[in-house]
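One structure, pasted below without further comment.
Each chain carries a letter (A, B, C and D) given by its place in the written order, and its residues are counted from 1.
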């Protein structure tokens, strides 16, 4: 997923005589210039609004559900005992309808479902970046044995089929950590917590190698750049060279990667939940709601469509925003 | 005896067990094409199936079905993958139904106007019993052949039976032979113990199979309909791989079988229709596809386009098409009683819960809510207030006021009862699967209702696998929902297949229902079981009533149903009430 | 654009005739080989790219040594080796009497202050994510030269010294032109008050007009600060303008080294002569008669498998059998002055090759 | 060259061995109850002990690992049950060799993936080139927009809708069905055509943007500018020059994406009801049949490792700029 980002190295050779433009004002770093470019990008701004909306939904979920007056209880009386479906798609009590048979409110699940999507997306991609960038930096800058080892680990992890491993690891983790006293008793919510953590770990474990590979390549080319040589010739300690000279120059690829990872992770969460190895209630997630509702897409469409549209919109906004970011950071693709 | 399982949840597809014998009876039962009303709903919803019995004098061939056409391809799609198709180990509804197409047995059920009757199949009658009841003789009909044209010998049938004792090599099959047959506990099958076994002997010249018993087995004729009473040519036995390619004796033979994926059956030209009273040979090809998503299969069949017109599924009526099944597409549903009765986790340990409290639990039990929360629909059950299934011959359906078998329960009344007994806040504890959506919902319903009725409820959430172990754990520190807690599916339609496995005092703790330890009851059950089959039914009915009233070990919930949906060009889908699944050999397309 | 643009004066040439002065930098038999594996045959063969193959020279305090040669001849590598940005395969580097050829990075720390690099590409040599203040301030901080509160003043001082507006201290490199950037690079090098600067083609990436300004700046600084230079370049004109002594490199070896006048006015090595004659002659444009031009045939041989004996022989018009068998030593030949060494079996003075260069560079 | 290949193979083998160790650790060191699962309904403690003995579960874990690895290479004899090499173990639930089950499922997945790759690379390159050619024009925006839109909808929702509407309700495309290509190439083709079209099209949406980006990248290269300045037509440039340069990254993508392809195939198999590796893993997941999941993972790793190796080697052939070092 991060293949396209390799060209970002070029952004360092920035505005100069070769690319005359309006005289830049005092003190603007490439990042600031990129941000300014981004600010003028209408699509990016629109995307930001969409993303912001869902972030707000996630944060304000408790407020929203109390305004809507819905809860997470069963409402058997809301559905027809014969068909198992509610007679309404949406009404004042249940704006997004209720689940078949149990009558659980779908607005409640939608509002709270925004949380795991965003948390998984952000936490997993942040962790992925931290691990991937660290390993990539180490491998690229130190070279030698470290590079060999890290590259091997990268090869190794990338050779494992991700989805199959994810499918396999969940039941193992549940067995191992689900009932530590081997009584078979799983505390309320413990399973969903385990699933949550496992999901994030699996995503990070199988994605950081891609990031590390990319960053390593970047570092290898940056390392030979003259300003790094200059820093070394000044007698700068290695740590400082890495932190002060290399790292800031990786901001571009890192941000671009982040904007690719977040939507990818959100989509993956939904997919895993569909396969039954993602999140489980009481952690509501859109992926889970979609997978439950998809069978009823013709008889009770609102169940599936609301979370589907939400996920799609969020992913679309995030990836369009990601494109805008990578454009903004890449001087060659000015729009 | 054993087992049972959950009634198919609409979401999960059927996987219930127990194919078995019996001369049942069946009453209302379902559809034929062309507007024949099915009994899923409405007034028929609560109607009880009638009984049918054994018909030892029936000869082949099976009577033609009016309007039936030959030819075409019939396609079955199912979510469930058959575990094993080895004739010696088959114990599930779906495999039993499938193998009825390929494998003839000594006796077999056949549908007679909606009733399921036990008739002789390969044998000339339903078995000749010696005076002391300890020796049974079955005589093979002449000129029976395998699909390759070689004749079927009595020793082949004997070999097939002996093979079923090899539970180590071929695990998972029924074990009545081990309990009842002479030296059944010592013989370990032909591979470990050799070919000679005093329990089963064959005379190829006369075509007679002799079975020697250790104790009386009045319902052996029913048991003889299991596929282990078929024929296996010893020379072609590939042991664990026999399940992949087995010799056919029925109207169809295996053309190709990809385990877990698909099975294609074609006509067996060496099958003799004249000698077979229980099977037809209508479609040219019968195709089974396994592991197909239940919801999409259901939608496809209801959409009724192309190949789906000649397709059907035994996964039940999926929730996704429930509305259609109840409305416009009602003609494409067959639904009828099955061999199971449900009590949805209501087994009460009679040693741990006082009688008055058990009665209060029964009064409070939220039957309808549990059905709804579990996702059970009228295609899955009809109300039922007895432990036995009403299609058992001689059984008379009854409804005790304490056990209405339906309704929302009365927490207020239960609370009053508790108060009267001075047991307010009595603690009820049980395990539930907290990794199963339906089980969690059911639990929510139970907790709410029982708390309302003045109980203290301790619901312990464990994983599905863990729960499976816990409910049978003799030392489990809970008092509700242990043992055979979901319900019971009989192996053949007679009380000896129902009551002793549930209430015998010799059963280990938590492996029956309610842990009743009463020698008198044991004796009563044994006495009834030793009566001739025809006399048993009425006695079991009385015993059923007595157990419910005297011990209150469980709250009967429902008679479960088998349901199938099928395309518009599939005809004569009839649910066999003794199997809970359609009678495949009588289905035709066109 | 800058304050230094008006200076046109001729450089002061430090005479190098006596051997009495203690050299600031002394390089002896410096070698850098890069192993390269090739997978062409059945088994991999490890070859050595002989980037620098036994180079010796020295630089006195305040003196300027020019390293010239075609691209790929090893001059840049020599520069990096001297500053110990890369580790030499063998050979000795003595700086201020101390051996640093195999020293560890920590031991090099103090030396780093005294020896600085100016890079070729002003677009690459400045960290685009740092302000000028940070770029120039970092060496001050690393070596703790100036108290923290005075650091900015010092940076501005340095900016002024290199002819930049001290108010631009908070700008980023992308807001400067190439020439200005190179001045920033120079200021960064000067920040640590070095005694020796290795300038790696400092002007070759710049426009010709700006080249002159930057060269004049370096000239000025050299005089004012008494800096020694190792000046790596391929532009002979620039070198003649700036350097006291000149070393000509070919395929990882020095083929001729001597004072500026020796090299430009009395070159003896055929390669030096070829280089000089290849330099563009503006006088031709002005109408003067074209001088004899030596054309070299063939390509530079691979540094993996350099020719035996004299490395230049494959392209040399004077080559004879002996050239293939014996490697000529770098030594003073007949007719050469003190300190003018030539590695050739058949040296011969040609003196009319470079007269026009004077005008092109100034 | 030979040594290079050998080295790559050795590297691949080391990765593979590690993958096997990891798989073993994850799947067999956990507290699971395989004997209980295999025991079935008539389960007695004696039988559990017997089964554990049969499967070698009573032995130390290290010994079990050696047995497992040995089985991969040389086959095994598990309690009288013969398991030929490469033995991936014995299914707890289905009571037969995992290798058999994998052999059965493998061709299905391979058929889906190969056909899908053909469709998605064709569509991807085609539309990617068109988009790059008309960069910034409405046609480009439409292509990029549509691909963005398609990729943002969860794949399984699209698949479900496609399956029901195109195959079931309206019967526009033949119903998905797997027949072995050896049995009947024609029905193999028609049975999978619908899946290929769907799966390939959806995947190509991702790929289009990638091709577009790398085409634009290549078009800005000097040698393309030169070609253009020589007066070569745009189409000719695109096809002869840029396309060739674009193939190398395509190969990389192919190698890297195999895991993702297999992943996509899981959803595809699940929804279209084909019994491939993905569905096998999922079914085994439902029944906690760990050896099967482990077997599928190991086979997956083998495929990915060997494909990456192949891609590396092809890379050298296709793009002369890449030296094998």
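To be clear about the criterion, contacts are C-beta pairs under 8 Å (C-beta built on N, C-alpha and C of every residue); 3 or more make two chains touch, one makes a residue touch a chain.
Protein identities per chain, from UniProt: A, D = ABC transporter permease; B = ABC transporter substrate-binding protein; C = Dipeptide ABC transporter ATP-binding protein.
Just so it is clear, the structure is predicted and the values come from calculations on it, not from any experiment.
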item: From chain D, the most remote chain by mean C-alpha position; value: C
item: More contacts between chains, A-D or A-B; value: A-D
item: Distance from chain B to chain A - Cα centre to Cα centre, in angstrom; value: 49
item: For chain A paired with chain D, centre-to-centre distance based on mean C-alpha positions, whole Å; value: 23
item: Centroid spacing, where centroids are CA-atom means, of chain B and chain C in whole angstrom; value: 94
item: Rounded Å distance, chain A centre to chain C centre (Cα mean); value: 51
item: Per-residue multi-chain contacts in chain B, two or more chains; value: 299, 469
item: Junction residues of chain A, two or more chains touched; value: 175
item: Interface residues, chain D side, partner chain A - complex; value: 11, 14-16, 18-19, 22, 26-27, 30-32, 148-149, 151-157, 160-161, 209-210, 213-214, 216-217, 220, 249, 252-253, 256, 259-260, 262-263, 266-267, 270, 277-278, 281-282, 285-286, 288, 290, 293-294, 296-297, 300-301, 304-305, 308
item: Residues on chain D engaged by chain B in the complex (per definition of touch); value: 33, 36, 38-42, 47, 50, 81, 93-96, 101, 104, 160, 163-164, 168-171, 175, 178, 270-271, 273, 275, 279-280, 283, 288
item: Partner chain A, residues of chain C touching it in the complex; value: 80, 83, 85, 105, 108-109, 112-113, 115-117, 119-121, 123-131, 138-139, 142-143, 170-178, 181, 185, 188, 192
item: In the complex, chain B residues that touch chain D; value: 2-3, 77, 81, 83-84, 91, 167-168, 171-172, 175, 240-241, 258-262, 289-293, 296-297, 299-300, 303, 305-308, 465, 469
item: Sites on chain A touched by chain C in the complex; value: 12-17, 24, 26-31, 33, 225-227, 229-238, 240, 244-245, 248-249, 251
